[in-house]
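The two complexes that follow have subunit A in common; it is paired with subunit B in the first and with subunit C in the second.
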Partner chain A sequence: MHSIWSRANSVFAFTLTAMSAVTFAVFLSTIWSQRVTDVTILATNPRVRVMPDYISESGRSDHAMVSLNIEADVSPIFNWNVKQLFMYLVAEYKTPKNTINQVVLWDKIVLRSERSVVIETNAAPKYYFIDDGQHLRGHENVTLYLKWNIIPNAGYLANAKAEGSYQVKFPSQYVSGRF
Partner chain B sequence: MAIFDYPIFDEIRRMNKRQVAYQVLNFAMIVSSALMIWKGLMVVTGSESPIVVVLSGSMEPAFHRGDLLLLTHNREDPIRVGDITVFKIEGRDIPIVHRVIKVHETASGEIKFLTKGDHNQVDDRGLYAPGQYWLTDKDVVGRGTGFVPYVGMVTILMNDYPKLKYTVLGLLGLFVLIHRE
Partner chain C sequence: MDGIIQMLPAPLRRFSTYIDFAGQSKAEKIFQVIIVIASIIGFVVGYLLQQLWLTFAILGGGFVLANLIVLPCWPYFRKNPINWKPNPVDERPTPAAATKKEGASPNPKKDGKKHK
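Moving on to the complex of A and B:
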């Protein structure tokens, strides 16, 4: 019980056990913490054009553009077990071809800081808003909402949807030329 | 046989057949307990690979190489945008951990989706099989639901240095066999 090996063995085993217990406690302590907050979303200047698309069966797809305005104060979400938030804006809509379509238009990684506020003004979407088909022209009900993935230091990966969405109506005419 | 003269092997020399059998049984118990826990996890999570180690930096800064992900595969819960899915491309063994950025679901419930790593500039279409533009349910191994940092580094080290893996396993096996307690 006094050799260097048995001492090292005991210390190592105890360290592992203690670290596992603390990690589990960190996970348990934040299971019921606040995940959702209010946000404001506004999308202006919606327009649609049709573009050649090698992926779709018809060879052409609708491509939509809007100008995004997002205001989100996510400071209350950050507790000691939150490493970062992965925030993303989703456009969800229904078409005759697909009952559910979800497209991520924009995302942002929000790291921990003094006060985490995200303000985007007239931002262009980061990713192409391309429909699976040609059903965006004249679409009255495309809902934009904000979600975030809470990445913990250790524990449960939660996806939370913020309160506050915006409904976009697309014009019934395609835009041609410069977009 | 000079190597067996060291005191560390005193235990073996003093053992009779029954004790050797006991040691082997002990070893078998440890191995089968580990296997039971692994298979039990597979059943509880519904995924054939309930624990994966993040192998690349394509999801930084959320997940780094060596982080551990607990996966669940609930086939009743449809894939939605933002889910961190672990999928395998047909014909390739390596599981990829990326986020879903597009979902299109038909009325009959057929889902096709597109993924992208947080740290990558482009989506994953370039990674899919030639002619494949979307992923479907059958490519999914599971969804990331739990996360533990750093713990998977051991697996990465053992994969990068196979000699280390054999040495560690060999030493472990040896100590379990010759140690009495």
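Moving on to the complex of A and C:
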């Protein structure tokens, strides 16, 4: 503290320590905040076709398509410690080959500064819905869930699943040609 | 900083950035109090308004304020000057020594304790 440089060094180092304490306090203040809300999911016009899939054993796989309608109001989840929300729609189902299959069909990043009501009407899935095999034709119980990843400013990433799902029943006939 | 000041032209060389020991402990307490209070105020304001940038803006403001108060050598930090014992050899300064070398005396016993 005898010279200007050592005083500057002390003040700066103390400020950094105080900043880390404040960051930890920010993290503690949002440990119990709300992570889940209600959403409405609707999937119309489910159809399945067979496509050549050179990666699989049999060489052919089921390829499914739906039209997505999602309504989600995620504003209660945002607080001063949430930077953005990464939400994704997952189709979960069981087949004789695999106990559980999870396929992500659609995702979206919602920043804190943007509108936090997500409404998708008749949206096409962003990613292909290809089964591991040929088990989607006539499948009665493919459930669509909306999940999200809460990306904080300070602390760990939390995962959450929204309240609300939709069960898709695929027809028992393949569609020929392109969708 | 004092080394840099010695490289300036002659009229400016009498400035110094030291503060005495009582001033150093005052300065340390002052900046610690300012930064802790700025952290607490920043946290409370940010929590109430739910904006994180406010918290760090207030902390940054506290940092700037602490620097302005503590870094320059205000007279408040020089109230208890150190009373150096007079160096017996230096009590007879010669004009030749003052003009030959800039500020450095040819006396080998001196080791930089002169802060007058």
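Here are a few things to note about the model shown:
Here, the second predicted complex is superposed on the first by the 176 of 179 C-alpha atoms of A that agree within 3 Å, B and C clash if a C-alpha of one lies under 4 Å from a C-alpha of the other, contacts with A are read in each partner's own complex, and residues count from 1 in each chain.
Following the convention adopted for this analysis, a residue touches a chain if its C-beta (ideal position, glycine included) is under 8 Å from a C-beta of that chain, and two chains touch if they have at least 3 such contacts.
What you see is a predicted model; the values in this text were computed from it and never measured.
When the two complexes are overlaid on subunit A, subunit B and subunit C sit side by side with no clash. By the touch criterion defined above, A:3 lies against subunit C but remains apart from subunit B after alignment on the C-alpha atoms of chain A. Of the two partner chains placed around the shared chain by superposition, neither subunit B nor subunit C is touched by A:44. Contacts of A:121 after superposition: neither subunit B nor subunit C is touched. After superposing the two complexes on chain A, the angle subtended at the C-alpha centre of subunit A by the centres of subunit B and subunit C comes to 40 degrees, rounded to the nearest 10. By the touch criterion stated above, A:147 is placed in contact with subunit B alone, subunit C being left untouched. Judged by the touch definition given at the top, the superposed model places A:11 against subunit C, while subunit B stays out of reach.
Of the two partner chains placed around the shared chain by superposition, subunit B is the only one that A:132 touches, whereas subunit C remains out of contact. Using the contact criterion defined above for the overlaid structures, shared-chain residue A:34 touches neither subunit B nor subunit C, since it reaches no partner.
Of the two partner chains placed by the overlay, only subunit C lies in contact with A:79; subunit B stays clear of it. Applying the stated contact rule after C-alpha superposition, one finds that A:104 touches subunit B and leaves subunit C untouched. Number of subunit A residues touched is higher for B, counting subunit B against subunit C.
The gap separating subunit B from subunit C in the superposed three-chain model is 9 Å, by closest C-alpha atoms. Subunit A residues 153 lie at the interface with subunit B in one structure and with subunit C in the other.
Interface residues of subunit C facing subunit A in the complex, by the touch rule stated above, are 1-2, 17-19, 24, 27-28, 31-32, 35-36, 38-39, 42-43, 46-47, 50-52, 55-56, 59, 62-63, 66-67, 70-73. Listing the residues of subunit A that touch subunit C in their complex gives 1-5, 7-8, 10-12, 14-15, 18-19, 21-22, 25-26, 29, 79-81, 153. Those residues of subunit B lying in contact with subunit A across their complex are 61-63, 80-84, 99, 101-107, 112, 118, 123, 133, 144-149. Taken in their complex, subunit A has these residues touching subunit B: 23, 55, 83-84, 86, 88, 90, 97-104, 107, 109, 111, 127, 132, 147, 149, 151-157, 159.
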